[in-house]
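Data block below; observations after.
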Amino acid sequence: MNPVAEPKRNNEGFLENPADWSPDVAVIIAAESDLSLEDKHWEIIWLLREFYKLHEISPPSNRLFVKAVKERLGEGKGNSVYLMQLFTGKPAKTACRVAGLPRPTNCL
Amino acid sequence: MPKTTALSFTLIITGAPYVSQAPQTALEFARAVIAAGHRIDRVFLYGDAVHLASTLACAPSDEPQWTQIWSEFLETHRVPAIVCIASALRRGVLDEKEQKRYQRPAHNLEPPFEIAGLGEWVEGTVSSDRTLYFHPTD
Amino acid sequence: MPSLHIVNKAPDHARFQTCLAAVADEDTLLLTENAVLAAVMAQGLPGTVFALSADLEARGLAPADIMANIGRIDFAGFVSLTEATSRIISW
Amino acid sequence: MTALVVIDRAPYGDWRGREAVDMGFSLAAFDQPVSFLFTGPGVNWLRMGQDATELSQKNLARQLGAAAIFGVEALLVDHKALAAYQLSVDTLSSPAQPVTVSPGLYGQYDHILCL
């Protein structure tokens, strides 16, 4: 069995080529952070991908990631505690990695 | 003009050395700020100015070595100096941490410059009494 | 509160006009670097204008060359201008 | 502190406007009230129909479209410059408020940033 050919990624686990992303790839990347993806994760993943498609940038920082989520899903989900529970570590970085977006510039 | 109480300054340089006058005008201003008894909270390098923090710049011996001159000034007066990470990465100014992260063959950040984000600039503009920018002339 | 405008672009740079459009009557304009070339021009500058002496000298502009209403200041004078107001705009 | 980020440079030819936008977004990230003012050739940031694929550059109008999401208070646009570049306020890539540029306009902000 060869479920998904693992695409090329950089040393922090981000995809080298965004076109390699698929939901199956997301599952593999997430597993490395001990995340098993549930609906609540997918909601954010699709939101991030939609955001990237519309604006051609990853939210450049955690704070702006939270704002982007808040704008779409309201305060209940657009807050850093909720997003930190979903995406461990630095939530913007982890979520962008799983969603196949470029590494945020981390400039904030 | 009546002498005011000591003020704190944040200086942002956006013009590169040897391309613009910005780093030298900023330095003369910074010296005058200290001479007047004020304090410099932070110097922030943004855009092309990040080249000022490159320890690999080699000017001819009869020209000022701006990186060293700035570095000495910052050390002498214990002024924190921040290099914007987004500007620095694009232009190849890296500290050891970013060198490892991006797997590059060398790092070249002159101390005491440090790499950090624009949050440092926001902090400076909000908390300092005065904020000045030193831009290129083009 | 009056503003201190600091401009370093040559007088024919578009930013120079952007700057002049922002200068109110009570504001101060400081010409530095290439902008000191404006000190020999007869018109177009607002009321209170200074030029940085090091930049004038470098460009060969002697005191006799510059308009009478323009003050020459050194870096200590530059700092004094920034003491006078917290509204400082670098163009 | 209220801030105004002035963009008076044309898009794509150099990075200055883009770096100014990053600064504006940073202020917004830290919940500092910030607005953008587009003037001179800078109004072309707001032109519809931008496609920089052949330049291998990001679409700047799309990036600017994130301004409201990030909490940027307003996009202001110099109505004279709009007219000069044959643009109309109804057909911009993001909603912007036409303004007359004057010392009074700048006077409404504590911090002016013009890269």
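To keep things simple, chains are lettered A, B, C and D as they appear, and every chain counts its residues starting from 1.
Note that in this section contacts are C-beta pairs under 8 Å (C-beta built on N, C-alpha and C of every residue); 3 or more make two chains touch, one makes a residue touch a chain.
Computed from a predicted structure; not experimentally measured.
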Chain pair, A-B or C-D, that carries the greater number of C-beta contacts: C-D
Chain of greatest Cα-centre distance to subunit A: C
Distance from subunit B to subunit A - Cα centre to Cα centre, in angstrom: 34
Distance between the centres, which are taken as Cα means, of subunit D and subunit A, whole angstrom: 28
For subunit A paired with subunit C, centre-to-centre distance based on mean C-alpha positions, whole Å: 49
Of all residues in subunit D, the ones touching two or more other chains: 22, 26, 29-30
Residues of subunit C whose C-beta touches two or more other chains: 90-91
Touching two or more other chains - residue numbers and ranges from subunit A: 61, 107-108
Touching chain combinations (by label order): A-B, A-D, B-C, B-D, C-D
Subunit B residues touching subunit A - in the complex, by the definition given at the top: 84-86, 89, 101, 103, 117-119
In the complex with subunit B, residue positions of subunit D that touch it: 1, 3, 15-16, 19, 22-23, 26-27, 29-30, 32, 111, 113, 115
Subunit D residues touching subunit A - in the complex, by the definition given at the top: 22, 25-26, 28-30, 58-59, 62-63, 65-66, 69-71
Residues of subunit C that touch subunit D when the two form their complex: 3, 14-15, 18, 21-24, 27, 87, 89-91
Complex contact set, residues of subunit A against subunit B: 11-12, 61, 105-108
